[in-house]
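Next up: some structures, all given as structure tokens.
In the two assemblies presented below, chain A is common to both, partnered first by chain B and then by chain C.
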Partner chain A sequence: MADTLSYLGVPLSRPRVAFFELTSCEGCQLQIFNNEASLLDFLSLVEIVNFREAMTEKSDDYEIAFIEGSISRRDEVEKLKKIRRQAKVLVALGSCACFGGVNRLRNRFHDLDWVKKEVYGDFPVDTAEVQPLEAQVPVDLKIYGCPIKKEEVERVISNLVLGKAVTPPEYPVCMECKAHENLCLYELGEPCLGPITRAGCDAWCPDNRRGCWGCRGPAEEANVKELEKIMRRYHFSREIIIDRLECFGGFAAYVDKLRAPGRHTHG
Partner chain B sequence: MIFKVFKKKELAALYELLAVNAVVGPVRKGTDRHNQPLNDFARVYSFADLALDYSTTVHSPKRFVLPYRKDLARFTVNEQKWRKETDLDTERPVVFFGMHACDINALNKLDKVLAESVYPVSSYIRKRRNMFIIGLNCRPSPQCFCRSMGTDSVLHGYDMFLTDLGDKYFAEISSVTAFNFLQQIKCRDPGPGDERQYEAVTAEKTARFTTEVDTSDLTKILDLEFYSPAWDRWGRKCLSCGTCANVCPTCYCYGVEESVDLNLQEAHKTRFLYSCNLHDFAKVAGGHNFRPLASTRLKYRYYHKHRGFVEAFEESLCVGCGRCGAACLAGITPPEVIADVRGKKKCVHGREEKHDE
Partner chain C sequence: MKQNVKVNIKPLTRVEGHGNIKISIKDGRLEEANWEVVETPRFFEALLVGKHYENVPYICGRICGICSISHTLASIRAVENAFGIVASRQTTMFRLLLKHMETMQSHILHLYFLVAPDFLGAGSVLPLTRTHPEEVQVALRLKRLANEACTLIGGRCLHPIRTVVGGFTMLPAKAELARLGRRLEEARSDLERAVELFTSFTMPDFVRETEFVSLKGDNTYPFIGGNLVSSDGVLKREDEYLAMTNEYCVEQSTAKWSRLSRPSFAVGALARFNNNHALLQPEAGRAAERLGLRPVCHNPFMNNIAQLVECLQVVEDSALIIDNLLASEWQEARQSVTPRRGRGVGVVEAPRGILYHYYAFDGKGRLEKADCVIPTSQNHANIQHDLQALAAHYAKAGRKDQDIELLAQMLVRAYDPCISCSVH
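Presenting the complex of A and B:
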């Protein structure tokens, strides 16, 4: 592995990178090791100093921290703040870190003590409302997706090394879906959040004839109100709309508005 | 113009003669939830795959000349040097079998910008020069308003244009290549009977149009109605999704991005089609967005199609194929938007409601 990097003769430094997880399924981290073809190139661009999923040695001397997962316990807040103090660049990796992710569904229930008792019985657990990273610390960069798209992380890394700006698409999934000339799922009788969800996954679900569930959260302009009307016009119930919007946490603010009268409680 | 007539079954023979080349034509791609066929252009490998009775395809044939994504150049990079390689697009001929008048007109309009302008696009021109186009007369569907746009018939830009006369085709020939191919199948000169029949069929087609757009003085009216509340009414519905531009046969806007491979040894310059309805279409360096509102972006889409292009080329950049309206989930259709801006009709909300009526 080369110790020095250069591009067109200009020396570049290999950033020291660490990976951490809070409450998550570790699926996003796994994605990074999912592509053997480019793994070596990836590893030669950065120096990984902390990655529980793939190595045992650890160091607390890093510049870029990738954090997967959401905050769901008090001790995680401390862990996160410590990482923030060390990292020059803090990256929220995946929808749990960006929005709370699927974990956020727990916030449907007002009464956490009741939830704890249902799930863990009398076993003592520390649990709190699920939050995205930015509820506690400033986040420099978000990589959306559940899971993330490996190509996107690779692009982010090479841009960071080259000092290029990193920007996710502002437009929604429909843009990518139409560029693949898919038949629109609404025409085929299925719901899809593609018109309001941030692109970047290359229309992963619609390409496989499945409607988008909004895992990458809202596009820069997300006309949720109009999509709600559209879904009703195509005979999809309010519950179907809310379920989809709520699944990955990115549309939490919209769901609260939709659900305004009568939020879910236990019982 | 030379006219010929040939029996229906001769078309398969013509196909076989042409099929030594790649053939692209309309095919059934699926059925919608009302069990209606959905068609698209695709490579075909047998005459039987062609769905020649198709109504407007979901997507336009644009991608065959203007792909959604294309590498313009590839760079090999090493310590001190870089080398640029461009794909010269040495194209082989492609036969387009059964293109409607609107889509041929759309290609002619694209030519004005991409081939005949100050900055011609070489990859586009190569593809265009290698097209052999067989046009096909259509039956207008409710979404079509090409007649209002003057694009329901086409004067040039095809090799041969066919009209179905029941048991035979009436062929208009406008290239030597087409003439030579027709020499190889059984065809004859039309007699007065064929001519009357052709006129009857085209008159019947004309009578079938149900959707109209009043284009008289439209450039001026658009200028006058710059602040019309109609733009907000439709803008509120717009999802800023870019679907309208993607399915449109004449939208040509694109962006270019440069990327470096993970191994730092290769880089790419890539062109991708874009849409003026997308949130950051008019965002400039430094972050300022000249059109942050969906209603403004929607308005400018109509301004480019029906005003700016008309002023530059004396014709509209819309051929009235109706694809954008059919594909727009929010039900934003040019006939309704333009009528609303003209203060003519009350706007009808969404095609879905119309279906269900």
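Presenting the complex of A and C:
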């Protein structure tokens, strides 16, 4: 491969890659190991220099940083900023990193003291409001999903290595679902966020006869009003829409609008 | 010569989540040996409050990427118990099959990617792709099979899609299930190679008497639901789980700790084996003997071996389940669910040990209270006590800094800790 090629400032022969996690379930990193068929080929494309979950050797000299997880404690902000200073390309890996993920569900109480008490009683624990990476540092690329789709990570990395632009689909999951000729879940009596969620997962959930919960966040022109209409037509309550919209954090802005302030409490 | 040892590992690698090991030995005397858990909590028990029952297992799967199937199944079981739903025999079999394939997925990942490098003198599995290419291929084949089986039944290999309260959204095609049965049959030669590889490793000779907690099998080696047992003689019903877990908070850990009859206890493959060895399938039982695993075993490093034995166990058992399913007429995949006010406990044996979910629901099926007790959190106190004993033991034996440092790491790894899960 020609040394002169580069993408977002990364030289293109075997870029040095590091993986990090903040607050997460580590499922997205695990997905990277889950492509047994092409794992070894994939590993030959990049040089992994830091991957705490899998290796003891480590180096702070890397070009691409993949970060899984959301920010939920002050020390994580420092860690993130340090990675940002080193990495030429910073990739948010998965919905926790992109939107806050399921972790963000606790933000809806607007009451950290109650949250802490519910789990730890009076025992002191350090925590903060959950944030996506973008709230603290610029993010160059986002890989959506809870979990990410392993094929997508490999595509993103090969594109990075080849210097091709990486663009996630802008259209909604419905397009992929319809291409698969699935029976629409609304017809089976189940709500689905497919009409407004960003595609790229190849209609993972509808293909398995389950409605989409929006883990990849809003499609480019997510029409939540239209979705509300569909939901009403099929007699689903506002609460059911909110459950789905808020599950992975990608629709937080819409949920805030739907939910009148102060309406949601724990008590 | 009186020796001085300082070990400071921050954070430990090749484990899931963030934990630190600190050991200090001065003039041959142990000053401190600490297992610290610094992971950020996610507050699942709080964020679940107000959630609709349908959403609860879906969210709870995200407690852990590696054992998401166990969390999902424990969660579904707790919801079904709260609503008084009894799963059909068919659903129960499919769930157990899914559970088995997760056990294999997780154990193979741990044994080959996290543990084997220590015994083969490598820092990760990456150099092993050059030095031991065939062994790596065995691992990749087994893991791929387990992942594909989870995808076949659960819809994807982690954070399953098809598993819902009441059953499954859909079932695999019978022909696909039959194919899985054949592939499992073929996998036996790879498992045999795994047994050969691990027979060639010498587990460190460290023993500390321990209480072991697990499900108690009646007729089969247990993985989903049933009574709770400890090797010190405690026996409780599933819904009496609090009497087994006794959680409390400690300074050195953001995960809670547990105790029962002694200051600490252990859960996991070794605990299951110690408490249920008589129920192993024949080949798994024979493999245990060949691998030198005999009940009751108090060497924590043998948890690795117990995991390997369980890989054979789940493969043999899965073959039986598949035969059974193929021979029966299939019913609807999903039964209807009517929420009601109530409380329910769901217990499963996750790859790393016994896992409890407890919920209370209001009359509309929205969650009022949740409690999840994670295998690794139950193990933390035991890891701490083992670490102290291990450091003292090998310091007395005059082992060098690097030796003790490596042994301490291997000890913690042997528990296969899932730290982010334990903090959740």
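Following the convention adopted for this analysis, the second predicted complex is superposed on the first by the 252 of 267 C-alpha atoms of A that agree within 3 Å, B and C clash if a C-alpha of one lies under 4 Å from a C-alpha of the other, contacts with A are read in each partner's own complex, and residues count from 1 in each chain.
Heads up, the rule we're going with is that a residue touches a chain if its C-beta (ideal position, glycine included) is under 8 Å from a C-beta of that chain, and two chains touch if they have at least 3 such contacts.
No experiment lies behind these values; they were computed from the predicted model shown.
Engineer: Could you classify chain B and chain C on chain A, in the superposed arrangement, as clash or fit?
Structural biologist: Overlaying the two structures gives chain B and chain C room side by side.
Engineer: Once the two structures are overlaid on A, work out the angle chain B-chain A-chain C from the Cα centres, in steps of 10 degrees.
Structural biologist: 110
Engineer: Tell me which partner A:243 touches in the superposition: chain B (first), chain C (second), both or neither.
Structural biologist: A:243 sits against chain C, while chain B stays out of touch.
Engineer: Which partner reaches more residues of chain A, chain B or chain C?
Structural biologist: Counted on chain A, the partner with more touching residues turns out to be C.
Engineer: One more residue to check, A:77. First (chain B), second (chain C), both or neither?
Structural biologist: Touch partners of A:77: none, neither chain B nor chain C.
Engineer: So, A:204: does it touch chain B (first), chain C (second), both, or neither?
Structural biologist: Second partner only.
Engineer: Taking the superposition as given, does A:258 touch the first partner, chain B, the second, chain C, both, or neither?
Structural biologist: Touch partners of A:258: none, neither chain B nor chain C.
Engineer: If we overlay the two complexes on their shared chain A, which of chain B and chain C does A:146 touch? Say first, second, both or neither.
Structural biologist: After superposition on chain A, A:146 lies in contact with chain C alone.
Engineer: A:166 in the overlay: touching chain B, chain C, both, or neither? Say first, second, both or neither.
Structural biologist: After superposition on chain A, A:166 lies in contact with neither partner.
Engineer: Tell me, in angstrom, the smallest C-alpha to C-alpha distance between chain B and chain C in the overlaid model?
Structural biologist: 14
Engineer: Output the chain A positions appearing in both contact lists, the one against chain B and the one against chain C.
Structural biologist: No residue sits in both footprints.
Engineer: Which residues of chain C touch chain A once you look at their complex with the stated criterion?
Structural biologist: So the residues of chain C touching chain A come out as 11, 13-17, 40-52, 55, 58-59, 62-66, 68, 109, 113-114, 117, 123-126, 129, 140-141, 143-144, 147, 155-159, 161-162, 164, 169-170, 249, 254, 420-421.
Engineer: Using the touch definition from the top, list the residues of chain A that touch chain B in their complex.
Structural biologist: Per the touch definition, chain A meets chain B at residues 5-9, 38, 41-42, 44-45, 154-155, 157-158, 162, 164, 170-172, 174-175, 178-181, 183-184, 186-189, 194-196, 219-221, 223, 226-227, 230, 233-234.
Engineer: Given the complex with chain A, which residues does chain B contribute to the contact?
Structural biologist: 29-30, 32-33, 38, 40, 58-59, 63, 68-69, 77, 79-80, 82, 236-243, 246-247, 259-264, 272-273, 275, 278-280, 294, 327, 329-330, 350, 352-353
Engineer: Touching residues of chain A toward chain C in the complex: what are they?
Structural biologist: Interface residues on the chain A side: 21-31, 33-34, 36-37, 39-40, 43, 48, 51-58, 72-73, 76, 101-103, 105-106, 109, 114-116, 118-121, 123, 125, 127, 146-147, 204-205, 207-210, 213, 239-240, 243, 247, 264, 266.
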